[in-house]
Structures are given as C-alpha cells and as structure tokens.
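In the two assemblies presented below, chain A is common to both, partnered first by chain B and then by chain C.
Right, the complex of A and B next:
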C-alpha cells in the first residue's frame, strides 16, 4: 500500500505538467526535452565532465549567452546571427516535410530537392553576374519552382503509377546526387576547394561580413522570409479550402474521395508545395549559408528536418521553435567542445535523444489521461 | 562480365538480407524505416567487438570475421528493441520512430567510435579498421561459363546469407509462426481471436529485422568499406526498403529487385571502365540502378499492395 502511494507520487510529478489537455501540444515536447537533457547530462557525467557547464557553453556558442571573450569584430550578436543563418534552411526544410505529412505523404527526399534547386539556382543566377536587386528574388523564384517541379513529379508518380513516395524520393535523391556531381566536376569545379565555384555575392541570400558598429556580421535575409512563409503556411492550412482539402486527403483518402475531393490533384499539389519549400531550403543553404556545392554529398538536413518537423508537432509555428532549439545545439557544439573538452558529436546525440523522447509523446498523453481517469475514479469512490 | 556478376552479388546479397528483415517487420504490421539505423548499429557493435578482441588477444582483425558477424547480429537486435518498444509498447508513430532511430544510430555510433578510439586505443580516429574478409572460389563450379562467375571470388558471408535467406523464407511462408506473423500485418484482430498475442508476434518480427539488418551492415563493412565509420550510413537501409516495396513485400521478388540493383551498379561501373571514360563520368553510370528502379516501378507498381494493417497501432478494443 505504502509502495503504491510512493509510485503514484512519482508519476504525479512527471505527469502533472502534462495533465491539462489544452496545453499538451506544448507541454509534451517540453517535458520530453527536459527528460532528454537529463539523459544527456548523465552521459556527460559518465565521461567525467560537468553537464551544466556544457549546456551553458552550448548557449554561449549559439549567441544566446555572452562568451567571456570575443575575437575582433565578433560579439554575441554576430554569433546569434550565424545561428539564424544556419537555422533558416532548417525551417524551410521542416515546413516542407510538414506539408507533405499533412497530406499523408512522407517526403523523405527533401535533401535531393534541396540539392537540385540549389544547383539550378547556382548555375542560372549564381554565376550570371546579375544585380543584387534582381538576382536575389530570382534565386528564390528559381529555387521554389525547381523544388516544386521535383516534388510534383513525386506526387504525380504516386498518383498516376501508385509508386510509393518513399521509394521514388530515395531514388531521386541518389540520381540527383550523382548527376549533379557529374556536372559540377565537368563544368563548375573550383580546382582548389574541390567544390563548385563560389556564387557571386549579389546572388547570395546571406549578406556576408557586413561591417556595422565595429562588427562583421552575416545577415541572413532568408530568415525573415522563413518566418513569413511559416505564418502563411499556417494560414493556408487552417483557413483556406486548399488547406482543408489537403488535410482531408491526409486524414482519410477514401473519405475525402467520397466527399468529392480530387485526391490526385491534392496529393500532387501538396508535393509541389512541399518540394517548393524544400527548394527554398536548398537556395538558403547552398546560396546563403554556403556559397558553393560539394559534389557527391547530400546534406543530412533533409533527414534532420523530418525529426524537427515532428518535434514541432507538424505545426508551422511549432517548427520555428523546434528548429531554433536544434540549431542552438548544433551551432553551440563547436564552442562547447573547445571549452568543456567534450566531443562535438555529443550534440547530435542530444538531438537524437530529444527526438527519441518526443516520439514517446503519444504514450505520455495516453498515460496522463489514464491517470486522470484513475483519479476521478478514486474521488468518486471516496464520496 | 565476370566482375559484374562477382561485384553485383557481393552488393546485392547483403542488401537482400536487410530487405528480408524489413519484410518480416512490415509483414507483421510494423513500418520499418529504421533499417538504416539497425544495419549501422549492428555493424558498429560487430566492428567494435572484433577490434576489441583483436586488441586483447592479438589475433588479426581480418580473421575475426565470423565473431564480428555474430556480434553484429546481436547488436542489430539489441538496437531494434528500441523500435519495438516505441512502436508496440509506447504506441508511437512508426514512421517517426524509424526516422528518430536512424538519427540516433548515426549520432551514437559516430560519438562512441571517436570516444572509444581515444579511450581504449589512445588514437584520434573516427573509424575502426577492419580490412576485407577472405574470398574463395569453388573450383569445380567456377568453370561453368557465365554462371561460373557466381562461384568465383565469393565472400564467405554470401554463403551465410543464402543459407539464412532460405531459412527465413521457410519460416515466413511455411511455418506456423510465419503464418501468424503475416496475419498480424493483414488482420491483427483475427490473430488475437485465435488466441495469439499480437504484440509478441510483432515484437519478435522487429527483433528479427534488427538481427538481419545488423548482419547485412557488417557484410558491407567487411567488403565495400573495409572499416567501420559513419560512412556505413550510405543509405543501404533505404535502398533495402525500396527493394522490398519493389518486390511487393515478398521475399523472392525482393531478391530479384536486389539483384537488379547489384548488377546495375556493378554493370554501370564496368561500362565506364570499358569505355575508358574519365572518372567523373562514372557518376553518370552510378545513377543506373536508381533510374532503372524508377522506370521498372512505373510498369510494375500498379499491383503493389502493402500489408493491410501496416503502420497501424494495434488496439484491441477497436473493431
């Protein structure tokens, strides 16, 4: 009896914050993040380092907390701006995954779509020598259209030939990777860096080394766009017919069909939007965060974005927060490893743990409601 | 021509065994995108144990092939418990769980490889050197024209894979366990009504997929890459998933899909060699297996049908 009571108390501590159903979309990710940081702290303790200092170093490296000393032209602000710079493509990529998921499709090919649109934008605009005022918007347009075409192809293959989108996107990933590697190595290679030649400053979506107030900072123009797009996407999904139809197709394909919704059209449309967003991720990555493309390498961002999207509850605004968190851990890891002497790779382990625990979110929810019922039962019995 | 068959087989067979693992899991109703993570983690455990045993006993790493193989299967199975628990006990979304496990596997093994290299071997390295396993030729079969190449320069693991694959085929299609497993993916309620625990069947199916994926990953590490590093996550697991969907969730058509992959891959590089093109052209030929798959799918995937209860969380109370 006593043991039972103690057990109940413990579960009360864990489940109390997530009992309120209205707040569950926020509380459950927060609880899983806390649990995973505790798990990561144990790992760091096992190596014999101080976890609190390590986490503080992460924040310092990401420009959230001030470092004790800065190199010339650097400050907390520049660190924070490079955090946003790295975060921009991740937001777009995660939004891309989210749109497809809403339509019940699993876009595992974000990396490939990023690469294709980054490459096309690089050769059309990046090397063209156009003025910044034309080049920058053009990069975005080219990126969106290219990505949208690739995504649309996947949707069409699914609709027309019943080809599973997981397979077709994987195949397109590899095909794109090798073909683009061929073209880069034949025509656009920089013999010194073994990468594609740098794109012109005018076409780049990040303003690099802008001198202001005695600082040299990188200003990611795409970041503002990413926030705007996230809000627009939320509007599209929640307040328009298109969004409603896409969600209906995702929830139950058959029911949507009986309701008179054109399933094929909506699947293709969702993939076009998804691919287009992946395209924006591609241009902000290859013509923003970087300025060149490394042949034969597929960015891992396409896969990370799946997880970031899920951590953000497949919700456009949630995604902004989840990509912010993941980018902090990613960006801060270099500084942490230099300061605390912990291997940089631990950062990805922490991210992995966060995702693992947030995958258990449904279980936590289930347990919480179970516990609530039990409590109600007990009260009824007592009265 | 001979090299095409030899290289093709040594690529196709490990892929095939991973795909069989995937078939087991998906036939039981658990979507398995985690094959990539399983094969990597299995290979990590196998490579780690081989390197550690070699370090303590002084036997050359290349001779510890069978030990590594055994441990890789155990490692893959241990890691697959996470997927099984998440999907079956915690009722997590199976796609999410799979993706997360892949990310975690990559992160953990990269971190541990570097950490262990420093702690145990005192060197900063991101890989475990393994070398390539010995090969042998079955003399009297190798003399047959064309087919003979299949018996030339074979890796020992190819034989092991063929044996295990035959057994896996028998288990899935001819045994009571296999029948229940397939039924759990089509109509879990009927399995439950027959008095069989659906969760247990699915749990064991996921463990089998982990075991076989670990084996496949180790074979790749001992042949193509000759070491263990994060480069093991080349997408073999996803390729296996593609193969099994292509093969319509059946073992024999999946073998055909894997062979097409293997031969298209080795054939592509052979053509580039014969035509004496500059090395950058090999990239173009490397796309051959993927483009071919897409084209073939256009013709063959109309009749494709996934197991009916695939990806659904089993809920006893649901009708």
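Right, the complex of A and C next:
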C-alpha cells in the first residue's frame, strides 16, 4: 500500500506539469530534459563522480557560469561567444530538417548539402580576396543557392521519378563527400594541416580574435542571421500562402492535390528551402566556426540536427532553444572532462539521453492523459 | 435481473467539451440481437468502447453475467468473452487469414521437444471448422490482400469467434458492404445468434434493425431515449426517436426548373492506372437547376467520371465543357475557379486534412484568395470569422469550435464541413460522390435538403451514389452506368426503381 502511494507520488511529480494540453508543446520537452539529466546524473554517480559538479562544469565550459580562472584575453564572455559560434550552424541545420518534415519529407542529407555549399563558397569566395563587405554577404548567398540547388534536385527526383528522398539524400551525401575530397586533395590542400587551405579573414563569417576590453573574442556574425531566419521561417510556415501549401502537402498529399495545390511544385520548393538552410549551415560551419574543410569527413552535425529538430518540436523557435541546450553540452564537455575527470564521452551520453527521452514525448503525453482520467475516477469514487 | 448477460448501469462518460454518455442504463439478454441506434455522435460507439475496454466510464457500473466488473483493456474484455468487430478492419494485408486470426495467441508446438514453432496446421483446421459451423465459408490459407471487403469482414468476425467471444459487438458492419453482401452478413449474424451468441449491433440503418434485431436502444445526444421491442415498432417511430424530430423519408422536392446547360461531357473515355478503359465513350449534359444522378453498382466507372470532371484523373479522350468553356486539360485549381465544387467519396483522405483544425480545412479551397490572404500573407482573422460563420450556418458540431482538430470530429460532422466548404464556393456545378455514405439518417435528410436547395438556386448538380433509394428520391435525371458505359439516360419520373436496377446489372440496354 505504502509502496503504491510512493509510486503514485513519483508519477504525480513527473506528469503533473504536463497535464495541461495547451502547454504540452513546451512542458513535454522540458520534462524530457529534466528526466534525461536525472538519468545522466545516475550514470555519473555510477562512475563515482559528483553529477552536480559535472553539470556545473558543463555550464562553466560553455560560458554560462564563470570559471574560477581564465587564460589571458579570455573570460566568460569569450566562452559564451564561442558557444554561439558553434550553435549557429546547428540552428540552420535543424531548421533545414524542420522545413522538410513540415512538407512530409525527410532530409537526411543536410550534412552533404552543408559540405557542398561550404566547398563551393570556399572556392568561389573564400580564396577570392574580395573585400569583407562584399565577400561576407556573397558567402551567404552562394551557400544558400548551392544548398538550395542540391535540395531542389532531391525534391525534383522525388516529384519526377518518385525516388525516395531518404535514399537520394544519403547517396548524395556520399557523392559529395568523395568528389569534394578529390578536389580538395588535388587542388586546395594545405600540406601541413592536411585540410583545405584556410579561407581569407574577409570571407569568414566569424570575426576571429577581435580585441575589445582586453579580451580576444570570436564574434559569430551568422548567429543574428540564424535567429532572424528562424523567426522568418515561423512566419513563412504559419502566416503565408506558401507555408499553408507546404504544410497541407506534408499533412495530406491527396487532399492537397484535391484542393488544387500543386503538390510537385511545393515538394520541390520545400526541399529548396531546406537545402538552402542546410547551405547556410554549411557556410557558417566551414567558413565560420572553422575556416577549412577536412577531406573525406562528413560533419555529424547534419545528423544531430534531425534529433535537435525533433527535440525542438519541429518548431523554429523551439529549435533555437534545443540547439542552445545541445550546444552547451557539446561545448562544455571539454572543460568538464578536464575539471571533473569525467571523460568527454559522457557529454555524448547526456546528449544521447536527452534525445532518447525527447523521443519518448508521445509516450509521456499518452501517460499524462491516462493518469488524468484515473485521477478523475479516483476522486469520484472517493466522493 | 440475472437473465441479463450484460448490464450497464448509469454510465456517464465525458470528453473535453462534450458528454458522450449521460446516465445510460441498458441490459442485454443472453442470445438476443440487441441494436444500438443513434445519429453520429449520439454516443453509441463510446458506450460500446466502454464495454470492450477501450475507455473506462466516469460514472456507472458494468455487470457481466451478473458480476460487477471493471473492464480495463480490450484484452480484459476478451477474457470476459466480449469481442468487437470493428468498422475499420485491423488486418495485416500480407498475412493469410489464419495468421491474422491467431496473431497474438499463436498455438505453439515444439519440434523435437525443443524448438518452438507456430502450429499453423492445427490453427488452419480449427479455423476451417469454426467458419463452417457459423456459415462463414472462408479459405484460411488465403491472404488478406486477395479478399473482398466482405470476406475481410468475415475474418474479423472469425477473429473474435476464435477468441471464444460470447458477446459480439458489431460496429456499423454494413457501412462498407454492397446490398447483396449486407443480406449475407445479416444471415451470418442470425446464424451466430442461433449458435448461442449474444449480438450487439451498432448501426443507423433502420431496415437492418427491423430485419434482424430483437430489441433496440435509441440514443440521442448521449442520452438513452428508449429501449424498444423492434417487432412492435415502426421504422418511422424509431427514426423519430433517434433524430428527435419528425423525419420525412420522401424529400419534399418541387419539380425542377431547368435553365441553361452548365456541364457538357462529350465522348469521355478514362483509363485507370493499368491502362484499362474504365469509362467508355460517355456523353451527357447537365443543366442549371437539375440534379443528374449516375446510378450503378460500385466500380463501374462512375467515380472516375466525377474525378475526370474535377480534374483528379486524366482524360484519355473526349471533351468536358463547363459553361461552354473547354476544361478538359485544365489544372484542378483552374476548374475550381471556373466553377466546380466537389464533395469526394473519401472524405478523410481526400476531402480533409485531418491534422488541421476546422477553420483551416474550411478555407482549403479559398486560402490563396482575398480576403483570406493578401500578397501571399494569410489573414488569420478572416479564417476564424469564416470558420465561425460556417459552423453556425451549417450546424457543424465540434468540441472546441474552429480550433477543433478535424480528426476528432464524427464522420457526419466531417461531411458537413466539406459540404459547407464546397457550397460556399458558389460554383455553378456541384459534384457529390456518395455524399451520405456512413452518415446517419438525420444528416442524410439534411444533405438531401441542401442538394435540392442548391438545385433550386439554379446550380447544376451531379450526384454519384450507390444507394438507389437516394437516387430515386432526389434525382431529376438518371443516367445508369454499367461497365463504364452509360446504358440509359432518362428523367426520373419515367423510370421505376426496378428498371434502373435492371440497367445497373446490365440486364437491359437502353
């Protein structure tokens, strides 16, 4: 009996906050995250470390909390800026996944689209020696167009030949990876770093080592753009004819056709937008966070972004928050491992747990409504 | 008291915004056929979902064989020998009948005493015996994909019989069947009763109740109105109770005031995906103020004609003229704008986007135009106003007004939403394909009234229906289709129901 009561209390704590259906889009991810941190704490306890210490170190490393000591020219602000720097491409990549999902398409080729855009922007603008005022916007434009073309190709293959976008995007990932690796190794290799030669400072979307108030900081210009694009995307999806059509195609293709919506055009369009956003992710990654491309390596960000997108409820604003969270853990992990003696891989475990529990959102929702019914029953029986 | 096998006492079940069952008490005797009659959304399905363990009631008690029970899940219901034959089949298409039936309770044997395997042979035998003893006649080794709808339904019935159900609940079993199949099913149900089973029949078709049921409970808006002895009650009275008002079976129709020709179809031929001609050289025309009905047995090309006119299917030869304008090769939207409203047969997968709310669905054909949007930007207020106006005007019932997800609405109200949307387009031509399929009598009456109203406003109406009664009731002109060809076109007064039937079967040629 007592045990039963305790069990009830536990479930109350978990499910009470998510009972209100109106707030579920927010409360479910939050509860998922809390549960996953509890699970992560257990993992850290098991290896004999203090979880609170570890989480605090994560925040310190990411620039949210102050470290006890900083190296020269560094402070909490510089850490925080490098967090935003790392987060910028993740926001774009997750938005790319989200747009495709809204149209009922699964863009698993964000990584490939990032690579192609980053590469094309690198060779066209990155090595050109253009002035910053022209080079930086041009990088963005080239990135968006290149990614959009690759995405559009996927959409067109789907529409014209009914080729499943999952297959074509995965294949294009490989194609991009190896062809670009060939060109880098043949023409653009830096013999010392074994990567592509660095792009010019003028073309780079992150201002590196800017000296200000006795600090050297990296200022990610793309970050502002990422926030603006997320808001624009929300507007596009919710408030425009284009968004209405894309969502209708995604929700029910037959009904969309019946309503006179051009299904093929909208699928291609959604993939162009998705690819374009992946392109922006690519240029803020390869010409922002980094300044060169490592041959034969596909960034894992394009795949992480699928999970980040889902954690953010496929909602542009939600994605800003989920990217922020995942980036904190990513960025803070080095500091955590050096301070708390917890291996960096534990950070990956935490991210994994968050994503795992966020995928359980549907279960939480179901459980909450079930519990609600039971509570009503119990009250009535008592009275 | 104890002669009831099922007793439900003072059942109340609430959902957000609606009371689905309000203090309902019924008792069902062993070995009877008990019908539950009510409009869509009257609470029949909810009541039976409580009995089959899908929902728990908010108030009230359930007794099975005199014992108080709390049915917590469908599995629990199965243990109490309660089985439900669902309206929408839950079968695995690539499995054989036997595999589907034993799914979840597979009989196991051990090869050489060690390796477990599913004993299909004995299951096949058992199912064959079972099907013979109830006159169901299926070949257990056939795959579901190869079966007709009525055969699939038999598999569903066998599924519950195999689980030793004594109390069988049929949820709208005839909604998907042709008239002959319905006859057969009713015989099967009668056979099950003679085999000692207790049957609960959820339906809104009065003639079926009259034919097989012993007693009948009438529900209206969640409340139990009455429990009637079917033999001593007229269908008219039952209908009245169900709808809560007098029902006119004959639609009050004035003679048609025909105007100019609106639609002209010339030598239309349509091929299906396999390149097979499903519509062959069909010509007809519809004038304003006329209801032209295409009668025919299912799958004789009538839906393809409607689809071809609306632009959902390609025309392989022939011409379609709307108000003397050739629209044969126009896009769907162009046709809509040229003046076609279309109420499709499949309201859930074609007519509506179930995950969108009511307001968004009601604007589905006009969202891109002013005042719904300007320069590509949507005007949400207009969506809401329009939605509220239509909900009011067409009495569309939904839990949370315009914000209700269409998926959660009842079939009848989904249909009302589509018809509302299409009428509001004010098109000179309206196409109705099976508009009353699966909706209750009250709604059928209402839909017929709306069709006639639109006709009287001078619109041309094309009705495609499998219900001959419906066609005889509302049509001004009838075209009978058989095997892709129009056999006969004549005014409805000049044809009797029997004659139409003969043309439909291809027994008589015009």
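Just so we're on the same page, the second predicted complex is superposed on the first by the 367 of 383 C-alpha atoms of A that agree within 3 Å, B and C clash if a C-alpha of one lies under 4 Å from a C-alpha of the other, contacts with A are read in each partner's own complex, and residues count from 1 in each chain.
Assume a residue touches a chain if its C-beta (ideal position, glycine included) is under 8 Å from a C-beta of that chain, and two chains touch if they have at least 3 such contacts.
Quick caveat: nothing in here was measured; it's all calculated off a predicted structure.
Asks: Overlaying on chain A: chain B and chain C, fit or clash?
Replies: Chain B and chain C clash in the superposed model.
Asks: Quick one: is A:194 in contact with chain B, with chain C, with both, or with neither? Answer first, second, both or neither.
Replies: The answer is neither, since A:194 touches no partner chain.
Asks: Of the partners chain B and chain C, which touch A:241 in the superposed model: first, second, both, neither?
Replies: second
Asks: Please work out whether A:162 is in contact with chain B alone, chain C alone, both, or neither, and reply first, second, both or neither.
Replies: Only chain B; A:162 stays clear of chain C.
Asks: Name the chain, either chain B or chain C, that contacts more residues of chain A.
Replies: B
Asks: Mind working out whether A:265 is in touch with chain B, chain C, both or neither, as first, second, both or neither?
Replies: A:265 sits against neither chain B nor chain C.
Asks: Among 45-53, 99-107 or 243-251, which stretch of chain C shows C-alpha clashes with chain B in the combined arrangement?
Replies: Of the stretches 45-53, 99-107 or 243-251 of chain C, only 99-107 runs into chain B after superposition.
Asks: Shared contact residues on chain A for chain B and chain C?
Replies: none
Asks: Applying the document's contact rule, which stretches of chain A touch chain C when the two form their complex?
Replies: Residue positions touching the partner: 238-244, 247-248, 251-252, 254-262, 373, 376-377, 380.
Asks: Given the complex with chain A, which residues does chain B contribute to the contact?
Replies: My answer: residues 33, 82, 86, 89-93, 95-97, 99-104, 106-108, 110-111, 114-115, 235, 238-239, 241-242, 245-246, 280-281, 283-284, 286-287, 290-291, 293-294, 297-298, 301-302, 304.
Asks: Spell out the residues on chain C that touch chain A in their complex, using ranges where they run on.
Replies: That would be residues 56, 58-59, 310, 312, 331-333, 336, 342, 344, 349-356, 360, 364-365, 367-368, 373, 376-378, 380 of chain C.
Asks: Which residues of chain A touch chain B in the complex?
Replies: Its residues touching chain B are 47, 106, 108, 157, 161-164, 166-168, 170-175, 178-179, 181-182, 185-186, 296, 303-304, 306-307, 310, 343, 345-346, 348-349, 351-353, 355-356, 359-363, 366.
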